[in-house]
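Each chain carries a letter (A, B, C and D) given by its place in the written order, and its residues are counted from 1.
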Amino acid sequence: MIHLESDYNNGAHEVVLRHFFQTNAERTQSYGDDCFSQEARRLIREACAAPDAEIFFLAGGTQTNATILDCLLQPYEGVLCCDTAHINVHESGAVEFTGHKVLALPAREGKLAAGDLRAWLEGYFADGTAEHMVRPGAVYITFPTELGTLYSAAELRDIHSVCTDYQLPLYVDGARMAYGLAASTDVTLPFLAQIADVFYLGGTKCGALCGEAVVFPHGAAPAHMLSRIKQHGALLAKSRVVGVQFQALFSPAEDSLVADGAEEERVAECSPLYLSIGCHAVNLAMRLRRLFVDHLGYCPFIDSPTNQQFFVIPNDDLEGLRRHIGFEAWCPVDATHTACRFVTSWATTEEEIATLEQLLS
Amino acid sequence: MIHLESDYNNGAHEVVLRHFFQTNAERTQSYGDDCFSQEARRLIREACAAPDAEIFFLAGGTQTNATILDCLLQPYEGVLCCDTAHINVHESGAVEFTGHKVLALPAREGKLAAGDLRAWLEGYFADGTAEHMVRPGAVYITFPTELGTLYSAAELRDIHSVCTDYQLPLYVDGARMAYGLAASTDVTLPFLAQIADVFYLGGTKCGALCGEAVVFPHGAAPAHMLSRIKQHGALLAKSRVVGVQFQALFSPAEDSLVADGAEEERVAECSPLYLSIGCHAVNLAMRLRRLFVDHLGYCPFIDSPTNQQFFVIPNDDLEGLRRHIGFEAWCPVDATHTACRFVTSWATTEEEIATLEQLLS
Amino acid sequence: MIHLESDYNNGAHEVVLRHFFQTNAERTQSYGDDCFSQEARRLIREACAAPDAEIFFLAGGTQTNATILDCLLQPYEGVLCCDTAHINVHESGAVEFTGHKVLALPAREGKLAAGDLRAWLEGYFADGTAEHMVRPGAVYITFPTELGTLYSAAELRDIHSVCTDYQLPLYVDGARMAYGLAASTDVTLPFLAQIADVFYLGGTKCGALCGEAVVFPHGAAPAHMLSRIKQHGALLAKSRVVGVQFQALFSPAEDSLVADGAEEERVAECSPLYLSIGCHAVNLAMRLRRLFVDHLGYCPFIDSPTNQQFFVIPNDDLEGLRRHIGFEAWCPVDATHTACRFVTSWATTEEEIATLEQLLS
Amino acid sequence: MIHLESDYNNGAHEVVLRHFFQTNAERTQSYGDDCFSQEARRLIREACAAPDAEIFFLAGGTQTNATILDCLLQPYEGVLCCDTAHINVHESGAVEFTGHKVLALPAREGKLAAGDLRAWLEGYFADGTAEHMVRPGAVYITFPTELGTLYSAAELRDIHSVCTDYQLPLYVDGARMAYGLAASTDVTLPFLAQIADVFYLGGTKCGALCGEAVVFPHGAAPAHMLSRIKQHGALLAKSRVVGVQFQALFSPAEDSLVADGAEEERVAECSPLYLSIGCHAVNLAMRLRRLFVDHLGYCPFIDSPTNQQFFVIPNDDLEGLRRHIGFEAWCPVDATHTACRFVTSWATTEEEIATLEQLLS
């Protein structure tokens, strides 16, 4: 059985796990001041070419979104996003729980369009009753999106430009950032660090056991972040648990992978393990896509260049596929077809995809 | 340098860490349904003699308190505790952040007294303006307390009795439960499971990298807990991260410690690692106490039988001690003395204490 | 200048004001127990044919919506409504401020369609990820709607039926209820009391200085309402201020209007002043509509039978109209036309409309 | 029966009520922009000698406290007050409902002592774990206090000085401000406007039907107050309802009282009705006190110079007193005595007190 249900159904990348052993004996500070978190911050700043970045480590994605948005927003402000955004759909109302409205605009292929954003903002500020409506206080996008799609650098620049015009911070949810960076042709961490006011580098879905790294690339994090993170129940006493993992994820892949050997898709020679993990999964996702689309003749549900692939599968084929692959039924397409999601990750092996190719061809 | 600043300045117990390796290859369900969490639940139910217990795994302590209390309380209710309670002092207002007042009564040696509790409740319900005051909806105690003290079984029974009379759920914060159980002469997990409506077994301070196990011993957890935990940002997608650890912590110490050998203070032959960890730290704490009180002649600041020891140190001695030991200045006692906290844990070694004994005698 | 900007730009109906004088000397209980509130409750129960109704008086509409919805909903639940709903647009996020998501479905002429509601609920409960989404906990509609339209009795029955199937309480915002009841051909207060779980009778826009009457027609109000209303800052110490007004509004119009004489549109002989107020305003709105549509040839923007009339006005005509009438530009229709709102109320006089007819014909 | 249970068991001062009639025909703006609110603001600015004051009108006291404190505080901050403070005891947790902890210090005769405040703040900022505790963000006091006592100008200056040193805004709850100003020998509105960052002038208990005037004497109100007030459910659409009343209350008492004639305790010739109301009630409270203490020999429970008088009454006398007077049992003093509260107001008449003097002497 090949498991492609999700990118969080596995353990941790071996390098990450090994790093826990290597560091276990050390006694450290807590609440974020431990040496592993400090070193992880240094590595991330370097990878982002953002020497002034302030960086915080939290345990999970929904927690990160709710906490950081609450810190970005004034209590009377809401957050703009597209209607397929994770915060609008799949976080059990965690943003509203902190008092903020999610202001959702219609998505285009899972993305927020700069033009839609600008039009909405023009409408809001032209409205004589604006004070009776929820004031927009930040813009939220995901990279890659919930549907596996990616913003181009140009699209991000356009959104950034709207945000600048309206003085709204741009927040990028990077739960699957490793896969997005690997798949993008023109978006890099340094670029992201230029156009975003804050973003997070997802660990949970990208090789870690848990943990997300929140980056304020220009510094300028809100005041008293430690206290606010704790107020949201998101401050880890033993902060090294995330620090150790991000130190491993942002160490050069070369070093970190010496023991593994066979990572053939490795990107630039000294790129961090984090990016190497993304490339591995995206390469396998592309092979999967060729198998499903070119060989098996299924239609893509949406054109995704990342580790999440969505295909339209005839309902009659579902049971057969399920014998070999674990995957998720995403949504019905019509009476006889279902859009299904297949997710690769750092844990998916070439052997697994090769097996699938043999079984299904 | 011997580090006695806290019980969260270390990594994880070796057995816990090793279990990550042993389980890493497996693909699992997520959001709490993984096989490791399921097995950990089985082991905890067994240790608590509570076959109907519902158990949830969260990442950290403040998060656990805020989430569980919010689920226990009606939106218009507050939580009763003593004024030294962690939720009242050191959680950055996380409980109030969810809308609930912390109703604090004066502590007696870090503990809530059943008599004080009953008197307060009698006063509240006799007050003609009660509807204008915050209604009490739960009682919170810590075991052991923030000052290292312990409730006796009789004291817990008395508190339980007041709770029953007023139909208030009793919630026990067990951030350091392993150490409390090891030090208590009459409180066991099965006893706790009888008198508490919900408690948590702390992992972070008791051998895990992170994670707390919330136990509703009689079942009867509030509805839609998964959704509420997520709403609080406390649901881990890769729930195995905590499940794996609690599976290790609640496996018999015998098995789990085979590879270690030298754990001489081991309790009953098939007791879980969790209890064995507690005994180890408490034994060392007692040696520390003999050293400081009997040999060095310092006064205890409070009479603690657990892994947190508080001594009154002349300010002139502080610098000297700091050359050998890391510890925390707790509070000034008078112009020339400071109460200081020294904390042992599963990670403290006999060698470290022996070294201290030599250095300081 | 004829003021048709809103139905809250005036004082109070003379009968209401006079009642303040008549009752001023009396000393009463407070916090809702005063004799005027008690008598007002009796009159409202009678008007609703709901002898078991529990009734609460609050000061304003947004406060009422936010407070009552928060009491109806579990903390993890959201409220379903259509996207033009007042709570979704024009209450500055007061519902989200209390932690609840507003789950907005596309409106049809300002109304929530029972079919859309059912389809959404079917989809929600069929979704395997429902626990990660906000659970629906109540349905909110307005009568009349923000666009002046009305649900028919059949439409309300259909919505009620969906609510019953899914065990969702139905909440009706009646900020302009007097005008809705006057305009409807088949919806009465007793009917509303049958199909709604809770509704409010708006005072502020229907003849009072301030105040709204929240009616739980079947009893069964949530526990500790007084305390919760106070927690929301919505409990009036001197509760008589609203009680006195609703006593006047629900006294028979006959009696109450003796001193006025000329209320010719009076409905059934012993109908409360509240309904008589509605009839008066709706009659004048219909005259206004005939003037604008039949005589002046403007198109209705939406077909409203109530006191809010929306016409599509050529931008070139706006200035001219503004010389005689105060009204509100609602939204642009195209480059040369604007939808404008004209609102009558109990305070609009026949003379004013007659004057307009002369000026504009 | 003479009613001294509270100062909100009556209607409105005749001048206030009459002003409703005089203004009823006028059509006005809404949401605070009406001409009556504007004129009331001008009068209040004048009375406070605070030409830059920003002024907002809300409906009730708990609402005002919760809304204004939430606007003053950052989301992670709490409010300092004494433990008898209304927000700490009798507002059903409305402040905590908005997410803020009430940081209560022991009261001295119902008052917060500047020395206690400074000591607490010194302790907080010296504490190494301050980031884990709730940060103080404002100081709340009541004038007069819940026990009828008054801060002297010197005491207020001392508190102000602590607030300045720690950059904390000082908020004064003036639910009974009229009575406090009348009783104080050295605190005036202009003085208060100098030392407070924001205060409110209570209407509900001081002659109005409802309504409180929030004054930011130096301007500098938080941004988007209208939107925030609405978010708290505290924005009145028909804002004139409070504006009209405060216009009456702050018009010169001379003018306003022409029709009344007999207000003999009138203060300075052109003082506002608001102050005249306070003097009237305080004068009668002093007569009451002479009757109870000097003639009847009861002990004061606390030494109150304002309209709330507390006497220690033998339980055996309670029933007899209740035959003539309505009052409130405040709290038991010992097995045979009860502290009872007797409250005068603008509505108490000299005849009523004279009757009591006859009956009880």
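Please note the rule applied: a residue touches a chain if its C-beta (ideal position, glycine included) is under 8 Å from a C-beta of that chain, and two chains touch if they have at least 3 such contacts.
Please read all numbers here as calculations on a predicted model, not as lab measurements.
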With centres defined by CA atoms only, which chain is the most remote from chain B? C
Per the definition at the top, count C-beta pairs in contact and tell me whether A-B or A-D has more. A-B
Would you mind pulling out the distance in Å between where the CA atoms of chain A average out and where those of chain D do? 52
Counting in whole Å, what is the centre-to-centre distance of chain A and chain C, each centre being its mean C-alpha position? 45
When the C-alpha atoms of chain A and chain B are each averaged to a single point, how far apart are the two points in Å? 34
So which bits of chain B are touching at least two other chains? 75-76, 91-93, 97, 99, 131-132, 227-228, 230-231
Assign the assembly's chain-to-chain touch graph to one of these shapes: line, ring, star, complete, other. complete
Spell out the residues on chain C that touch chain B in their complex, using ranges where they run on. 70, 74-76, 99, 131-132, 135, 223-224, 226-228, 230-231
Chain A contact footprint on chain B (complex, rising order): 3, 6, 8-12, 14, 17, 20-21, 23-30, 59-67, 91-94, 97, 204-205, 209-210, 227-228, 230-238, 240-241, 326, 347
Show me the residue ranges of chain B that touch chain D in the complex, using the header's touch definition. 75-76, 78, 89-93, 96-102, 128-129, 131-134, 329
